[in-house]
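What follows is a single structure, and I will ask about it in a moment.
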Amino acid sequence: MTTTRFENTNTSVLKSLPGRILHSPVFGSVVALLVAIIIFSAMSPRFLAPANLSLILQQSVVVGILAVAQTLIILTAGIDLSIGAIAVLGTIVLAQAAAGIGPVGAMVIAMIVCVGLGALNGALVTVLRLPPFIVTLGTFTAIVAATRLLAGSETYQVTSPLLTFLGNTFKIGTFTTTYGVVVMLLVYAIMGYALTQTAWGRHVYAVGGNPNGALLSGVKTRRNMFSVYIVSGVIALIAAWAALGRISTADSNAYQNANLDTITAVVIGGTSLFGGRGGVLGTLIGTLIIGVLRSGLTLAGVDSLYQNIATGALVIVAVAVDQFTRRRTSR
Amino acid sequence: MTTTRFENTNTSVLKSLPGRILHSPVFGSVVALLVAIIIFSAMSPRFLAPANLSLILQQSVVVGILAVAQTLIILTAGIDLSIGAIAVLGTIVLAQAAAGIGPVGAMVIAMIVCVGLGALNGALVTVLRLPPFIVTLGTFTAIVAATRLLAGSETYQVTSPLLTFLGNTFKIGTFTTTYGVVVMLLVYAIMGYALTQTAWGRHVYAVGGNPNGALLSGVKTRRNMFSVYIVSGVIALIAAWAALGRISTADSNAYQNANLDTITAVVIGGTSLFGGRGGVLGTLIGTLIIGVLRSGLTLAGVDSLYQNIATGALVIVAVAVDQFTRRRTSR
Amino acid sequence: AGNDSGSGSGGGGEEVKIGLVTKTDANPFFVKLREAAQKQADAKGAKLVALAGAFDGDNEGQVAAIENLVTQGVKGILITPNSSSGILSAIKNARDQGVIVIALDTATEPADAVDATFATDNLAAGVTQGKWVKGALGSKTPKVLMLDGTPGGTVDSLRHKGFLEGMGLSEDSSEIAGKADTNGDQTKAQTAMENLLQRAPDANALYTINEPAAAGGYAAIKSAGKESAVSIGSIDGSCVGVANVKKGVIGGTVLQFPAKMATSGVDAVVAFAKDGTKPAQSFNDTGSMLITDKPVDGVESKDTTWGAENCWG
Amino acid sequence: MALQARGLIKRYGGVVAINGADFDLRQGEVLAVIGDNGAGKSTLIKTLAGAVIPDEGKIMMNGKDVHFRSTGDAKAHGIETVYQDLAVVPALDIASNLFLGRELRRPGIMGKVFRRLDMPAMRAEAARHLSELKIGIKSVNQAVETLSGGQRQGVAVSRAAAFGKGVIILDEPTAALGVRESGMVIELIRNIRDRGIPVVLISHDMPNVFDVADRIHVHRLGRRAAVVDPKERTMGEVVALMTGAEEPTEVEAAGGR
Amino acid sequence: MALQARGLIKRYGGVVAINGADFDLRQGEVLAVIGDNGAGKSTLIKTLAGAVIPDEGKIMMNGKDVHFRSTGDAKAHGIETVYQDLAVVPALDIASNLFLGRELRRPGIMGKVFRRLDMPAMRAEAARHLSELKIGIKSVNQAVETLSGGQRQGVAVSRAAAFGKGVIILDEPTAALGVRESGMVIELIRNIRDRGIPVVLISHDMPNVFDVADRIHVHRLGRRAAVVDPKERTMGEVVALMTGAEEPTEVEAAGGR
């Protein structure tokens, strides 16, 4: 009797709440995040102060938003090295155009630029069928140079309240945060919904998991991939807007590491670089892990160079924890 | 009769010399290289001068050597973002240790460091089975920081004739070149032989093409992958040596783009980022394409920002040409 | 009538070609340098080819640029060396082939590796920043945060060293409450400063490698509500920077004169192309000037009105 | 004639996969396609399904010329196919695989405006279709990669059976299936035919072929060698035709009656 | 006993793939393993081949306990396997695939010191092995990905036949093969047995099984349900055993005589 009961419990684990949590693909990332938080709050009492937590969120906004686009592209078995550069170009275009034709017109022009570049990447990947890595490496190089030519030697101050709106703060109880944080969470929610609850999202997974099979099944694989690059362009614009909220200056040198940071966030979050597996929830946690590391190490008084060594090591540890928990529970 | 004859010729194309060339996997890259050379020599008469060709080779040495290691790792379906950083650390170690214990001892220590870091990457990838992208991103971050800590803010002059030997020139007829170029070509020849003519090389392809199948076939996949990372460490040391030959100073900030450059060379050379397809011959051509672009654009008087835009575009064009010729001939 | 070696005695009416190799294309300072050189070259009827390293510290990129410029047949090369000693052999090769090489902004080590240098004395500029911050603090015990540039950069370490000298501190003084690398990038500076302030909320002095770093640092200080408590010093002298001094974002900044460097450099190459004369002096300090509206005793300074007239970019 | 082809040629570099193949499928029949390994059967049906574009030759549906540039084109004409290298997405669950490319949306604005999938409906319907085959799948939420070889094949077959409206093409659907499961697939094929939908069945299993086929298309060296009536020929004779050991009659060589 | 197993258990999360399975292979026999889709046959033989490490249970070779941590361990004991999802490397040529993991080197210092492969020898030998199966492969330099489904299976089977020294395990080797080619594989299996090497054959093809098997291991719900003698039972009875419609005799349930 006892054995039977035990076996029953064991099998139904798949459906019970704790079982669901254990088997959730983001379980590992959550563990890694919690471990980091526990360690840092033990090292510095200030770490868990609401002001510090709010800062971590604010510092994660731009990379966090871009990481959503990166997740989509990686799910299709691609990679986007140009997404950060598109966003930076977006900030310059917003700033320059706002000075000329006002913030709303600037938004329109920046949208055309960002989406246009997304479409360029998408067309090269889907129509000419070139590898996304090399396409976006090429466009990255070209976009960075074009941005510098456009910006010249100037840094642009942005004063329009619309363009800097996402930097404004508001309070929830004692917790202060910015509209940028809200927008970031919204982007995650919307794309999470689109990926899991719509046919378009299913097709993104199918295109990444077995492109040939998806095509034979009647999925319009090229159109789907193209749409992913278009969506990335839109998300890059949102990131550009958030960047202006954070620093009301457009600078052609900003966010040079954004691409690698987004990829790190995506991978720590458990999305496979080979496509077809993962999701934005993991990426959000991955973004937070990176933010927590940086903030925690600074609070602990670690110098930049040692911080980099520690970050490098901790990124590997985070992925290792993730892999380990996943293997233990689902294999 | 005539039709039959025609059909015969058509089929035997597979075995004839022109057919072999057409169907060679590097055919596309060669076309791209030739097109670039023709365009640039039309633009500037100096382009084809032996002195300039020699320069292109010399400028390609360090990235060219590193690209061999990158090819190996990409063939196993991995990627190495840390290889450039390992080489830079190698130059610093060589320079510092040479000042202390002489050039030969320095070589030994640098070898231990470079191979040790290759082994670290390899162990994380094969034993913990973490994704190579994230492993080498982590070690990249950590190695760059460690290098700067080690170097402080100093640039080290290297005077030892052994350590700068690869920068010495010699003449073949009127063509002047460096021993570094010879070593680069040797590295290509040796690894080309190892990849195509030994069991180890076959296994590298098998591990990249179908890791599970290779394992089931009895290939020691983990050991093979680990050995690839070890070999990469050795190659990074050779690149470090060549770098000291080129500029007889060790600087912790050098070669930050080497990783992306090597990946570009590998991909332009027709090796698949998904592993299992490609080879070092293509990579050599890819390296030369990059060198030719840079030199040709400068000779044509193009400023570096415009050069970057052109390089970005041309990299995409080169891959497109490669893909197009490949599709036309083999499909 | 071309001659193959590409150098030697340039023919009479031929257009003078000048190469400019900056550290990167990114920094507004180098963009300004490039623009000024371009303007001067146009005025003198010379052709300028502007190249750059790909990133701070790209010695290989600068060496390749020099080699390619020499092949192209330039008369002279203006270079802002990434590392004061990293590219000496390439410079020597160029000079051996009859090309005049002039360092801008950063001196080489040894200084006579090039034909002449037109540069700010970055150590002195750092000292000026340090002295001003010390003066601005008055009797308060300094509690210093430092937003550095790129680790290993020559200019970066000279300014850092100069600042500490001007403050009367040393590298491991307890008055230094924290340091971070910003690569001179405003976004990184803001993030770094936010985190540093969490650790050292009572800091009262801030060293910055350049004005974007200062603006980023100020944003973090402001959102923490400490803008009156911290004295911010900087170096560069861009017009945005000077405007920020006027607005009170930056307490004081040390202005340098990139246009002067570029113009003198181009003039020197043109003169050399004409009759082979080289600049008389090896090191030419193009000067620097502290801009602040809160002058302190013992440090020479000008106000922001003067700054706005003499700033760059 | 439901589906016809004339003179199809497809070359891969030096290899000629099909070499002037003809094809005729009548309304409401089960047509078996048999042939040696590498004879070009899969390539033939891939051209009919739009997955491969032939170098030469033409395809007609109900007497009219059609040009399939993609599998989507063929699907739009009602042609549904189970490929030999099963076109499933391993990481997706069974229900999603079954409905891939033709997902159901929720009724009302949730579906129309927010384009929300109707997962409960898809799961229920998937479970219903799969239960017809009795391949012992416990949950339609399982990822396809966790299924056994035969179970995967079952999923692919169910899918074609559920959605085929015009022509259903099955490339070796029972290769990985057990005796009982094979029997069920044959039963399913009969049901489909009885619904009036013509079926093309590629199979190496002669007893199955003779059991269900109305006519047999024998493929040999990239060409249609004969079309035979299973009631007129024995298994041995058909195998001999397939290998070239025996010559077809003139009528058979011309495509049968 | 050539190869034995007792009480093997392998779980995947909530799914129990094999659940206390026993296994006995005698010297010089052909043992067929049959069972429904998803019964756990592939998982069973993967544990015997070292590709899957069982959660519980033990494996013995020639009476001695063995522990396979990898396929290499099993190979070192002479166990050669053809997997259902063929373990071939698509981008490599046929000869390289055949010799993968056991490449030949040139004689003399070229081989010893420079470790150079002897491609001509490998090609010649590969061509010889493949010609035994007559699957119409034109060149052993062809990449495996350009072969038809059946041709690929032929390559995998040839490989096991060529190199198996102790035990050869074949997981549905004829599933994708034509009638003639299947016949040749069955012939090959007989040859192998006649060389004194025991063979394990998983197959859904009952006529083939009854044609070649000395004993039949019936797998059901992750367990060995019976071992029967094909001379004592009809195909219908064995299928009934497989599906549970009939009960095995006590001797059969205990593993046969």
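Worth pointing out:
Per-chain residue numbering starts at 1, and chain names A, B, C, D and E are given in the order in which the chains are listed.
Throughout what follows, a contact is a pair of C-beta atoms (placed from the backbone, for glycine too) under 8 Å apart; a residue touches a chain by one contact, two chains touch by 3 or more.
None of these values were measured; they are calculated from a predicted model.
Listed by label, the chains that touch chain A and also chain E are B, D. By the residue-number overlap criterion, the interface of chain D with chain E counts as same, with over half of its numbers used by both chains. Centre to centre, using the average C-alpha position, chain B and chain D are separated by 47 Å. Averaged C-alpha coordinates put the centre of chain C at 72 Å from the centre of chain E.
Taking each chain's centre as the mean of its C-alpha atoms, chain A lies 35 Å from chain C.
Distance between chain A and chain D, defined via averaged C-alpha coordinates, is recorded as 42 Å. Chain contacts: chain E has residues 12 touching two or more partner chains.
Shared contact sites, meaning residues of chain C that touch two or more other chains, fall at 25, 151.
In chain A, the residues that reach two or more other chains under the touch definition are 145, 148, 304-305.
Only residues 193, 197-200, 202-203, 205-206, 209-210, 212-220, 276-277 of chain B touch chain E when the two sit together in their complex. Remark: chain B residues 45-46, 49, 51-52, 55, 58-59, 62, 148, 151-155, 157, 167, 243, 246-249, 251-257, 294-295, 298-299, 301, 303-305, 307-308 touch chain C in the complex. Every residue of chain C that touches chain A in the complex is listed here, in rising order: 25-29, 31-32, 35, 148, 151, 178-181, 183-187, 190-192, 194-196, 198-199, 212, 215-216, 219, 223, 238, 240, 312-313.
If you check the complex, the residues on chain D that touch chain E are 12, 15, 34-38, 42, 84-85, 135-138, 146-151, 154, 172, 175-182, 204-207, 239, 242-243. Residues 2, 4, 6, 25, 47, 49-52, 54-60, 63-65, 67-69, 71-73, 82-90, 150-154, 156-157 of chain C are the ones that touch chain B when the two sit in their complex.
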